[in-house]
Amino acid sequence: MLRVAVLGAGRIGRIHAANAAANRQAKLVAIADPFGSAAEDLARELGCAASTDPEAVLARADVDAVVIGTPTDTHVALMLAAVRAGKAVLCEKPIDLDIAKADAAVAEVERLDGRVMLAFNRRFDPASQELRRAIDAGEIGEVRQVIISSRDPAPPPRAYLEHSGGIFRDMTIHDFDMARFLLGEEPVEVMATASRLIDPNLAEIGDFDTVMVNLRTESGRQCHINCCRAAVYGYDQRFEVFGSAGMLMNDNLRPTTVRRWSSAVTDAREPLLNFFLERYADAYRTEFEMFRAAVEAGAPMPVTARDGRQALRLADCALESALTGRAVRV
Amino acid sequence: MLRVAVLGAGRIGRIHAANAAANRQAKLVAIADPFGSAAEDLARELGCAASTDPEAVLARADVDAVVIGTPTDTHVALMLAAVRAGKAVLCEKPIDLDIAKADAAVAEVERLDGRVMLAFNRRFDPASQELRRAIDAGEIGEVRQVIISSRDPAPPPRAYLEHSGGIFRDMTIHDFDMARFLLGEEPVEVMATASRLIDPNLAEIGDFDTVMVNLRTESGRQCHINCCRAAVYGYDQRFEVFGSAGMLMNDNLRPTTVRRWSSAVTDAREPLLNFFLERYADAYRTEFEMFRAAVEAGAPMPVTARDGRQALRLADCALESALTGRAVRV
Amino acid sequence: MLRVAVLGAGRIGRIHAANAAANRQAKLVAIADPFGSAAEDLARELGCAASTDPEAVLARADVDAVVIGTPTDTHVALMLAAVRAGKAVLCEKPIDLDIAKADAAVAEVERLDGRVMLAFNRRFDPASQELRRAIDAGEIGEVRQVIISSRDPAPPPRAYLEHSGGIFRDMTIHDFDMARFLLGEEPVEVMATASRLIDPNLAEIGDFDTVMVNLRTESGRQCHINCCRAAVYGYDQRFEVFGSAGMLMNDNLRPTTVRRWSSAVTDAREPLLNFFLERYADAYRTEFEMFRAAVEAGAPMPVTARDGRQALRLADCALESALTGRAVRV
Amino acid sequence: MLRVAVLGAGRIGRIHAANAAANRQAKLVAIADPFGSAAEDLARELGCAASTDPEAVLARADVDAVVIGTPTDTHVALMLAAVRAGKAVLCEKPIDLDIAKADAAVAEVERLDGRVMLAFNRRFDPASQELRRAIDAGEIGEVRQVIISSRDPAPPPRAYLEHSGGIFRDMTIHDFDMARFLLGEEPVEVMATASRLIDPNLAEIGDFDTVMVNLRTESGRQCHINCCRAAVYGYDQRFEVFGSAGMLMNDNLRPTTVRRWSSAVTDAREPLLNFFLERYADAYRTEFEMFRAAVEAGAPMPVTARDGRQALRLADCALESALTGRAVRV
């Protein structure tokens, strides 16, 4: 029975807290959030302690593991504090927006032999797991090309974007992680192009809303990523893995399987599940369970702090490539 | 080089004439139609002789085979005249609306050793051919259940319906033939139910617009047919064959493979090809070619006059069942 | 907070007990099963009381509602006992295998103003709910034809079949309920045909393994049901609703959305979820929640005991029709 | 009635000759091929004159238009000769492998006001036409991203590759043309990455077998192209056009619409049509017809020599980018 505390009672913290509370082999002990009554409300709903002080929660002896779902700029400090307090950590992405800070954090985690898992939820989607399993089973031979399409239903507010680190570090970072997950090899070169097709004013903050990235591994495997901050048909998340002996794809999720025929369309499916909380509900559940299982078994973390650093590095390379028009060596 | 005459220059006659003209191993010699300038116009377009007298065309020595696309009540007479004139015959369905007349015609054709093929075009659709081939290859083991869905885009005019013989003999007859084609065994029992959901006034002519039929073979194989005279999404033609080792389905055809995503729908396909002339264009071409090949090779006809009679018998049984509420022995 | 007891700790009882335990607005109080340690094991897992005596559990004052998941021949007695004890009841299908006994039970429930919901789980599948909602919203105009395909992955053991009441009352009964749910009108006529294509020895117990049924309502709406006790590709559950303004379909569920391309197949999806416990996991959850909500709100039951009786009556009519070859008036 | 000669009696020449022969508003006059009896055999089959001398055919007064399907290094000379002889020209891609030569040819064609259409067949596929029509109709708002997947079933022989100009100029050139067709704006920047994943020995001839290219237009629209010389599942040709108000996709073609269910797969479709002659049979037919119609109407060519030059330029840029790791300005 893993005893868990959740730091952060916002959108993503709620998900983790609910999954911890519902997991029969875990016990949600406490929720911490410095802002207002967020932690208290959530704790009451889920039946655990509440605090406005994350440090105090980290000091509790009855906590074995913490989930960090706080703002990005607090990730490194809380992660290291938790590791030093002997807690296992499930930390939201990204580690940090600054690669130097991320590098230092990863080095420190490794020096301390800390147990840190990065919360790249998409890896834990049932379809992602099946893609990886099928690739490992040799179903499609040697992987040649991976195509990742990743579009959000609508852009976040400007205030969010200003502190997001930019589309590559905030949004595409998930796709960089999936690229590594599906390629089965480390990308060594990044080429990117970036546009402002939704909001030209993003130029004011040096950000983009529509990007394309190509990655290449040492052996020549290739990955294409396309991202856009808005898609009218919903949250679009598709993976295609093409190999020497076949191809695999996943599809988006809809609320139900109902399809429609009318005088205008045939075989029409429903709009996509709106956004990541719905789309990846299963993935978040599985992510928490795999964290719990790894911690309790003393097994390697399914995703490490170093994986988090690597995705950030790819994001930095992509931004540099988009700005310079050169392929950037990772 | 098969020398062909087409009797009837209406909607279906045009199709056969064009296919004969385009077939490199056939030569379209003449078109006959008693009404106005229909034959002449079509003959000019396709480069052959025209006539208003079918009998005269049957008398031509330079005609090896005739395609009969005239009104139903002329089929038997023209078929027998053609057989007696030593011509091979491709005759549109149904043979006749009267089973006794059909029986007599089939008997006479067989007595004369006539070469008659019934034009059940759906058998020659590439998907139908592949279904049959896959069944024969044992892909799905023993056939257990066949489901046939067959809906027209819009009902024909009342004037047509009055002479159509009713929905079972006019429309469902195609499905009865496909049932026999896909079941691989002869149906021995028919149960049907019939409604007037589009036009209650059909009661005046004893007809129906929405029907369901179940068939059973001696060994217990089952087939369900559902028909409706109108479907807003187009001409719906689906077959499902369920067996001990698997299942096969075909799908409808659309103008292109384009699919659409919007805020309202995802993965939406185009409306179905509107009606049989477009939907079965390939089937009509193949049908003519298989007729030509069989005639020239002296091989058995792919569909015989007796097949035409059998479908009519099933239609009669269905009507009787719908009227009496009893399963009818074929 | 609805306090719930579950009677029966077998396959289906476990599902209901787990859903009651996981529902935040319900409390699982006790589980009863006369056989061995089944109730005890399950109760320990879910944290509630255990008993080998259903009657004792019905006597508990801290139980507001009971879920009956015991063998069919105990349904009526337990249902009535529960109603008399003032409990709300969620009872598994069928009410009973004997229509007279079912009629008497329904009459008694109604006389006592009992709160009984029949557990026709398929109505609560998200796709079924969406089909019903879309029909009610007028999306497809007037319903004309409903097609229900329902095939199990593999037949149950002979011992089960001997006490099952036969395929119509045991398996097709779900489809009869869905027919009523989707038609939106009461069927008044039943025509059925039944075969033994998997196991000819079923003749010894007067049962069948492959059946087709057609239903008709007074206004002429039609429904076709096909059932088979075995399908190699998994648990097949499809609904098609065809109306004057369009058509709706649902699709089967697979473990993931991954599709495969190889030299043999393209766009191939995974085998279907194996059987009802997996396929309808969401439906069982929703069913329990709708039961809970209706009980607590004092609202009408979403499915009544009379609905259970009606499905049984249709099953009896189908059997009679299959045996006599006559359409049977409901 | 357009009088047509076809130069080249190889694989692609046969297609054009057959389409010219079958087109009711065109007349196939002659076929020329310097090698052996190729022209003679084809001419006999299609009923026209044969020649081993293309120049002689260009001199015929009874020829209005020529289709050039000869080896690439003869395209420019024959195109210019034909233009000077006053013939309209439908010329296979690429114009030439050398951009300077292509530039000179285009300039000369334009100076002479020559009527030249480049045979980019994919634009004339029914799905491509519908994509373009839907974009023009505003169905998806402003185009943001285009994704083109283009994989051949198997690599051509080494001997072919040695004279092909490399994968970008030989294979991807089609996709560069489709990128321009679907983007609706001119690409101004090209980024490419190229690998040898099928045959490492391609290094000997400086060629690649697996490539990814990203294009950007001045306004920021983006296009991704992925190509591979081999795909076990067949000839893969997919387009995705994502815009501000929706998304459009086409799908590959299979021989039939039959889908399969077994214990291993569900809803599995057939392998793709093997290669371009089958896949684009309709497109070649439409291409010829649109050429014919434009010539006879004196209307602008649907694809010009300059379009051919532009695609070649994009191929050159892609090669340069792949070799230098820099984005290349078009």
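Residue numbering begins at 1 within each chain, and the chains themselves are lettered A, B, C and D in the order written.
Following the convention adopted for this analysis, a contact is a pair of C-beta atoms (placed from the backbone, for glycine too) under 8 Å apart; a residue touches a chain by one contact, two chains touch by 3 or more.
No experiment lies behind these values; they were computed from the predicted model shown.
Here the repeat of B-D among A-C, A-D or C-D is A-C, since over half of its contact pairs match by residue number. Taking A-C and A-B together, the pair of chains sharing more C-beta contacts is A-C. The geometric centre of chain A is 57 Å away from that of chain B, both derived from CA atoms. With centres taken as mean Cα positions, chain C sits 40 Å from chain A.
Residues of chain D found to touch two or more other chains are 232-233, 245-247, 252, 260-263, 270. Residues 22, 126-127, 129-131, 134, 139-140, 245-253, 255-263, 270 of chain D touch chain B in their complex. Of all residues in chain A, only 142, 144-145, 147, 149, 151, 189, 191, 193, 195-198, 210-212, 214, 216, 219-222, 224, 226, 228, 230-233, 236, 240, 242, 244-247, 325-327 touch chain D in the complex they form.
Chain C makes touch with chain D in their complex at residues 231-234, 252, 254, 260-272.
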